[in-house]
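If you scroll down you'll find the structure; I have some questions about it.
For clarity, chains are labelled A, B, C and D in written order, and residue numbers in each chain start from 1.
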Amino acid sequence: MQGIPISHFLVLSAILFSLGVIGVTIRRNAIVIFMSIELMLNAVNLSFLAFSNYLNNVEGQIFVFMVMVVAAAEVAVGLAIIVAIFRLRETVHVDDIKLLKW
Amino acid sequence: MPIAIGTTDLISILPIAIVSLFGVYLLLQSVFAPRMNRILIPYLGILGVGLAVVGNFFLIGMEGTAFEGMVRVDRLTVVLNFLFLITAALSLLITISYHEGEHVEFLEFTPLVLFSTAGMMVMGSAESLMTIFLGLETMSIALYVMAGFRRTNRHSLEAALKYFLLGAFATGFLLYGMALTYGMVGSTNLTQIAQYFTQNALDVPLVALMGLALIIIGFGFKVALVPFHMWTPDVYQGSPLPVTAYMAVGAKAAGFAAILRVISLSAFSIAFQWSEILWVLAVLTMTVGNVVALVQDNIKRMLAYSSIAHAGYILVGVVASNDQTVPSVVFYLIVYLFMNLGAFAVATMVAGQNERRVNIQYYRGLGYTQPLLALAMAVFMFSLAGFPPTAGFIGKFYIFSAALQSGYVWLVILGVINSLISVYYYLNVVVAMYMQQPVDEKKIAPVLPGVGVVILVAVLGIVYLGIFPGTMLSVLR
Amino acid sequence: MESFVWYIPILPLTGAIINGLFGRVLKDKAGWIASLSVLGAFGLSIQAFLLVREGITFDGNLFDWIVAGNFHTSFGVLVDELSVIMMLIVTGVGFLIHVYSNGYMHGDPGIARYFAYLNLFIFSMLLLVMGNNLLLLYLGWEGVGLCSYLLIGFWYQKPSAAKAGLKAFITNRVGDFGFAIGIFIIFKAIGTIYYSQIFQQTEELLAAGVLTAATLLLFVGATGKSAQFPLHVWLPDAMEGPTPVSALIHAATMVTAGVYMVARFSPLYSLSEVAMAVVVIIGTFTALFAATMALVNNDIKRVLAYSTISQLGYMFIGVGVGAYAAGIFHLMTHAFFKALLFLGAGSVMHALAEETNIQKMGGLYSRIKITAVTFIVAWLAISGIPPFSGFFSKDEILAKAYAYHPLIWVLGTLGALLTAFYMSRLVFLTFFGKSRVEPEREHHIHESPPVMTVPLIILAVLAAVGGFVGVPEVLGGHNHFGKFLEPVFAQAEANLHLAHVSHTVEYGLMAASVLMGLLGIGLAYLMYIKASISPVTLADRFRKVYRLLSNKYYVDEIYQKLVIDPIVSFSRWLWHAVDEGIVDGIVNLSGRLMLLFGLILRRVQTGYVQNYAALFVLGTLILLAYYLLS
Amino acid sequence: MLQLTLFYIFAVLAVLGGIMVVVHRNPIYSALSLILTLFALAGEYILLMAHFIAIVHIAVYAGAIMVLFLFVIMLLNIRIEERAPGALRYMVYIGVPMAAILFLQLGYLAFKGFQEVYVKNTDVGTVERIGQALFSKYVLPFEITSILLVVAMVGAVYLSKRKLEIVE
């Protein structure tokens, strides 16, 4: 039995990554944008694990572990920023948040 | 497999450990001594940085990797550690003066500076993509928070949000690149990556190239290369001035440290594969940065575009990819440290309470009301513009001559044109200070000791490196 | 020589630092500190000169500046025959002008700043002429440009002054760009920037095929700094600065940096016929072109500015035809008489409460005698009347030009006629005839204080007798000046095969040029003193010519019509609502274009995170596509 | 064959969830869709023999991160996103094609490079292997993450402290 080709996982990863990119570029809600970014990170994790299996190497697994820690930390800080901005401006829509430009 | 950590391992991360532990200690400060004056905390932070500087001396002369190939200690590591530590100390000094009239809470701020410095040092001494990634994130997450440190100010929070969203977005690309590289090489160790590229130099697999490209993009975001620079002006403008200073110098240096480690050193053998791309990026970065800076009237935003342009100049040194790349880039980073921190220190003094006076019009007549401050600012501007005999000139000269040595004549020509353009907006500040009447009679507060020290160090550094760059250059080689 | 030569540049630098830091305390004393520092430098220069005359030159390094692998630069000086002459001119004339400034700038609130800039200028200029490598030359080159810019805009309260400063600055950017690239090319080709090594390796430059390109690019820098066509436009406007500045920087020293540079690089220029021809052609054209513009201008300082441009053209003819010593000789005599003319003009303006229009002068001879007499000496010198200094230097250039190509001589002599004419017009309208001074200024007329007149007298003596150091052999002299400089130009002259003109021809040429000078003076005499040929009827008859001339050949207007106007209307149309103020504020075309780009590009920064992310992705796509498609 | 079928089921679920995250106007549904995607991904991880990561993934992402998201969305009481106003409506026409091209580029690589290799049975994903690696070779990165987490903690606490009086 041959199992699943690694390329399948990589293509899935690419799909999810691109979906995340779409979310970041078209959505206005900062939280949703942030969720799209999480989607991208998970897509990368999938790639890492696929490569880890392909290479039979534990490093990829560790890397995914680290990415998760980083993602958790980013979520804590990111949501805190979003909450702070909501308190001040009563909005989380990034197109309302454009005092800084040009 | 037992955990085997030797003395060498520990020494190799000595400055990182000192800075981090000091950060934790400062966090617990309120537990140990709840009544201690908060204003002392940044001084304690500087003390911690000082200890780390001492610790860094133990690294001098070491050569090799530690923690089973996670970190590397070599001359580059030591110099970069010094660079990051000095940046942190000077930024903290600026912060102390900034405190007057601002609600920056040192209790949280100082540890964040220390942690993010630790992150930078991890990046500078990384020997694995994993450590680079973790260092980068430690630095960045601290910076996201620091950008929004005036959390009752709209601009500051907007800066934090933009920096955070785009930073996390860029992290995704960086990670994708690391994943592809890992997939091809089978390891994230930089030495092994270098071996892989050397072995496959003649026919590099496409996937590895794409991985490298995505890594370039990820680092390019951090150092603000066009077109990955869009966050820079907004974030620099919105962040509190000391944070902008710290970010402009530290984060950029850390980003270039990573570029040096991964691109210039590990992927050296396939330089022909990426130098063209970086060539284009360098030209774009220099040009966009300088041209847009021409029309800015907010000093922070102007310096932001200027920092983009400088990223372009530094990238010229990376494009050169010869034996002068590392020394010229690091030298430029050191010079950049002094001139930028100095300029931001002056800007902090002029800006006054709540950063009300960040427009260039407030620099009018500074040459008469505050002659020494104005003189220092003029020195910084001339150095940024690359006028001889300031250090900025030597830095540019060195970078350009590295590029010339590799035969990039056109790149150098474009670089020279760009630095000529840049003279205009730097000189604008000088003109405002010396050739225009003050807009209002409001007195600028006398220079506070913290900022005064920063300015003095910066001026001395620029003049010294401008006239006697030899010592530093021989250290770097 | 090593023991003291370093102090020559350091003294003025010290003066600049003292005046810059403690100017407020020093007030008027600042001037004396500045003057003394330059006097010290002058004294040491004399000592250096005496040593050089005994054949002791010096080429040494104070300390290493940049050492990077095979690349090596030092703070090093070269004191040879050429640079010692330049040092004497810079510090000597500089000292006199410093002293004069003490009177001229008396009571100005910015006097300490003024002297700090002036000292800084002397320092930079000394670096320029003393440096033994290209990098120091460039350092000095940028430094003098910066000081010039600061001093033109010194009275920044006048908007015209600030504008003129900017114009000078931007025009010089163009020149400096060429200059920097030229340096890079030389460095790239031979890998060294020391003069001594470059001149030993000229074959390598030739072999690399870049010699002509490098010399021409360096010359682009010279046209900017020395105000040669087409980068001459900044110099007349630069007259907005204080008059002593015009005398020092825009007549005697800085603008001659280009001539010095070509002379210094004579071993390279002499190897490229094209480069030399370009230098000659530009020089000749500028000499004539600027002289014609001086004919009709009514502003005393602007006439002198055009005259400077024209005289610089002669110097370039000199160094271009291979008469290097003659070019430097003219540089020196010109420094004397042109500085004198400017200082005299300053004295006149001082007497007339800053009046600059020569149509509102006249009859001043008896009122301000010292100024008038010294001015007349300078006038005779620049008109080439023997035995004043200008005669010897100009004639030597013209004689060599004749050997190069008779046409250059014809045009040069024509220029001499024009020079004599416009200078005579200036002198006659200013000092002779009936007074046309406005009544409210009439009572104000007074001679300047001794602190100003003494430098005038000294310069007048120099302008009168300075030529005797270079009396040509045909007149029974020994041309000490040329002999002194011979070692420097030996290499260049070996490359060239200069034709010699016979003594008979030389007499003829000399007589012709003296005749032309006299003719010019006579013509002006008839027109402005005797008024037998009324300038008004003449102007009427040649109205078109007159208008063309008085409008500076419409160069500014042509720039305006062809280049600036379309751009402006385009940008207005594009951004009329946005930033008219910025667009209007900038004079220069390239500056405007850049600002326009800046305005467009800053619009990309919309403030929307999504747009930023989109551009990021776009960049990524292109980058990845590069690898996928290649 | 079963494995391949499972892969496709999880893949479809993940992609569906991903699309919902991006297109759903209500952020709550976006968050719930993301949870769906994350669960599906956990399935894929198991197929890749990464058992430890799969479990941690569920615990950290679904259990902690997404709960935090939902919590914040509800705390801020964010309503349904209205249609983007004029200024940014065009971003759809830019963002989607660009993402499509990006997918083609990245997917092409994956498809080209790794077609003939298959998931194999390995023990690299076991708790034992990972645990050993984490506390021997990777002990330094592991320690660095502790700094990272402290930073996140300090930052989050600072930013969400009660606000001071608003100074403009």
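Keep this in mind: a residue touches a chain if its C-beta (ideal position, glycine included) is under 8 Å from a C-beta of that chain, and two chains touch if they have at least 3 such contacts.
Everything numeric in this text was worked out from a predicted model, so none of it was measured.
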| item | value |
| --- | --- |
| Pair sharing more residue contacts (C-beta pairs) when A-D is set against A-C | A-D |
| Rounded Å distance, subunit A centre to subunit D centre (Cα mean) | 5 |
| Centroid distance [mean C-alpha coordinates] between subunit C and subunit A, Å | 63 |
| Separation of mean Cα positions, subunit D and subunit C [Å, integer] | 68 |
| Between subunit A and subunit B, centroid-to-centroid distance (C-alpha), Å | 26 |
| Residues of subunit D touching at least two other chains | 87-88, 91, 94-95, 98-99, 102, 105-106, 109, 113-114, 138, 141, 145, 148, 151-152, 155, 157-159, 163, 166 |
| Touching two or more other chains - residue numbers and ranges from subunit B | 130, 134, 137, 141, 144-145, 148, 151-152, 154, 160-162, 165, 169, 176, 180, 183, 206, 210, 233-234 |
| For subunit C, residues that touch 2 or more chains besides their own | 602, 605, 607-611, 613-614, 617-618, 620, 624, 628 |
| Chain contact graph, described as a line, ring, star, complete graph or other shape | complete |
| Residue ranges of subunit A in contact with subunit B within the complex | 17, 20, 24, 30, 33-34, 37, 40-41, 43-44, 47-48, 50-51, 54-55, 57, 59-60, 62-63, 66-67, 70, 73-74, 77-78, 80-82, 84-85, 88-89, 94, 97-101 |
| Footprint of subunit D on subunit C - complex, ascending | 608, 610-611, 614, 617-618, 620-621, 624-625, 628 |
| Residue ranges of subunit A touching subunit C (in the complex, touch as defined) | 21, 24-28, 33, 94-95, 97-102 |
| Touch list for subunit C against partner subunit A, complex | 602-603, 605-610, 613-614, 617 |
| Complex contact set, residues of subunit D against subunit C | 87-88, 91, 94-95, 98-99, 101-102, 105-106, 108 |
